[in-house]
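Pasting a structure here, questions to come.
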Amino acid sequence: MTTVKETSRLESFSDGVFGFAITLLVLDIHVPTVSEGQDLLNLLMADWATYLSFLIGFFTILVCWINHHYMFDHIYKNNSKLLLLNGFKLLVVTFTPFATALISKYINTPQQSTAVSVYAFNFALMGTAMFFIWLYAVRMDLMKHESEALLKMITRYYFLATAMSVTIFILSFINIWICLGFSGIMFATFLFPEQMMAYAMRVLSARK
Amino acid sequence: MTTVKETSRLESFSDGVFGFAITLLVLDIHVPTVSEGQDLLNLLMADWATYLSFLIGFFTILVCWINHHYMFDHIYKNNSKLLLLNGFKLLVVTFTPFATALISKYINTPQQSTAVSVYAFNFALMGTAMFFIWLYAVRMDLMKHESEALLKMITRYYFLATAMSVTIFILSFINIWICLGFSGIMFATFLFPEQMMAYAMRVLSARK
Amino acid sequence: MTTVKETSRLESFSDGVFGFAITLLVLDIHVPTVSEGQDLLNLLMADWATYLSFLIGFFTILVCWINHHYMFDHIYKNNSKLLLLNGFKLLVVTFTPFATALISKYINTPQQSTAVSVYAFNFALMGTAMFFIWLYAVRMDLMKHESEALLKMITRYYFLATAMSVTIFILSFINIWICLGFSGIMFATFLFPEQMMAYAMRVLSARK
Amino acid sequence: MTTVKETSRLESFSDGVFGFAITLLVLDIHVPTVSEGQDLLNLLMADWATYLSFLIGFFTILVCWINHHYMFDHIYKNNSKLLLLNGFKLLVVTFTPFATALISKYINTPQQSTAVSVYAFNFALMGTAMFFIWLYAVRMDLMKHESEALLKMITRYYFLATAMSVTIFILSFINIWICLGFSGIMFATFLFPEQMMAYAMRVLSARK
């Protein structure tokens, strides 16, 4: 029995939103105006916070897209509730350019912790939305026939995503550099979902 | 006899426009500038009207996309007039970021009723456009072979969409909070077209 | 012998550009600022030139997309030169929001004829690009097997597009309202390529 | 044995980013404000640097898309590392509107060499990213079954892309017009990858 992929329009709409949101980030990098006696290169260098937040925003959305892609490699059936959960996820994605613009403007100012907390709150919602999309798809059996063990492993993986992203939110109130550093660790953990799951499955079968 | 889906390019073009319009909404959330003695969090909180209208705009376009998706699950054939009707629908969609920007700026000011009326007018056009796309597709038999009863039920459903969205426009002249509340009811009614129609069909066959 | 459609990525990239360009038009509609004693509705009404140029821009790109869609219903094979010709066409499409922004700002001012001429120049390039894409595809036989007669008829149709759009450019130097009116006639002529060609083929076969 | 194309979602996401970045370029062309005694046409003409950089940005992204398209005509399998390499490539693409905006503002000013160097640096990253995507795909054998000789030829072609784009970066420190001229030569070399490779293969087999 072949299962027809019903989620293709959901995926193409989501790809559109991911793609636009990631490209919109560039609008936040402003061309500086050089006054007399100033040098353009120095002005550009002084703007490091803007480039840093551009990179943070870019990797946030890219990692999110990579995992969305990975999830929907497994999800084949579709229904209105999945569309709604996915819609909530996209809401958070479209909000990301604003959250990174806040970081870009307020890092290294007294307001930086608020800015990073807003970003981290957005990030926590992103991780949580991801987990609930997956959980719902597993519960309703919207999957192509996959091994039980793999599905369970992936569920744990995205539960970890929620836990880590909520931790990042909490860390944002303590120290923003630890918070951003921990975000980096999270990016690394979720950059290669395929390899991570393949590795975890090998470990699992070796144990038996 | 298999029916080839002729509407795939119409759908991908529409997905692009929907996805882009929904992402553009974020450009309307401006990063506030903190003056001395002010707190960024307070400033962000004070901006609740902006987030509210971001959410209104987002759900307006999302619900619209979900129903577009639902309709085109049934529509298989294509012709230039359908492209034009769909084009009118997209015109209204691309106008939505402007309508929500008006709400964002003028809610809680003496001009709020005009702002909400413009939004509601746009909304009424959206509902009406939806209905006419469906009506045209049914009349011209652009469908995959479906049960007559289901098609009729869907026609009534989208006639309801027109009636509700026009009512929302009228309510905008009476009281904007009732108007926005009624919009919420309409969102709920059209968030799950698939389940709604499945339920209606069960009720229908139970009656017989 | 089935011919595989090689142009699908060209089409999806083009759909993206068309869809974004058409949605970007809304950024040109600015939310007015109400001063004391003013009324928002009056201010919005006074901005009719903006809505007019939004509509002009929207229909320009929509008609262009409809005809692009119609052409690529016939074109199946692909090569780098077709990509380049199509790239030139997309260059003109992405320029359209700027051309309509010029109209929006300068209509009803002494500079209006320059603004309309720039728009009409862009329009003439669009018509010409369309014609050359088609001509190239016919010459290189990139088609699905179609009747010779239909292909010739379509060639004439898009030659007409070039002739009309160049005429519109010339008219822009004489009188802008005649120019915009004639653009309306051109929109009507190219809004339904499928029906127009079907009608022309019936006339042709009746003559024989 | 048929090989299923696994890269379709990667391609559609990339098409979105390319299409959006190429359309965003138009936001950098500002509608001039005419003061008394001035003429709109003269003001538009005076803005030649803006149009030039719009064209440079457009062709940069277009050529990049054409070659991305060409590469993924050969690449069929997918994995997370390819997604990451492609993500890096898209990062550079989304940065392009900023780099061309720099040229637009600072060409013909004392800061022009810095502006062109930033653009050329972005360009060198683009060429290099392209080469590494290809190299990785060849090493990991993500290909549809192709002739060894063709794959080697393409590897050399994209190594040339890296070499030329790095040369352009170096030239930007010497003379910006030579640098931009050499960019034009590079555009010409990579505008028709298909023809170039077909030609190179014919030369190769003639030699034997």
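For clarity, chains are labelled A, B, C and D in written order, and residue numbers in each chain start from 1.
Here is the rule we go by: a residue touches a chain if its C-beta (ideal position, glycine included) is under 8 Å from a C-beta of that chain, and two chains touch if they have at least 3 such contacts.
Source: prediction; values computed, not measured.
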{"item": "Degree value of the rotation bringing chain A onto chain D, based on Cα positions, nearest 5", "value": "90"}
{"item": "Chain whose average C-alpha position is farthest from chain C's own", "value": "A"}
{"item": "Chain B-chain C separation of Cα centroids, rounded to whole Å", "value": "27"}
{"item": "Chain D: positions in contact with at least two other chains", "value": "12, 16, 20, 24, 27"}
{"item": "In the complex with chain C, residue positions of chain D that touch it", "value": "11-12, 15-16, 18-20, 22-27, 29, 31, 34, 39-41, 44, 54-55, 58, 62, 65-66, 69-70, 72, 191-195"}
{"item": "Of chain D, residues touching chain A in the complex", "value": "9-10, 12-13, 16-17, 20-21, 24, 27, 79-81, 83-84, 87, 90-91, 94-95, 97-98, 101-102, 105-106, 109, 111, 114-115, 118"}
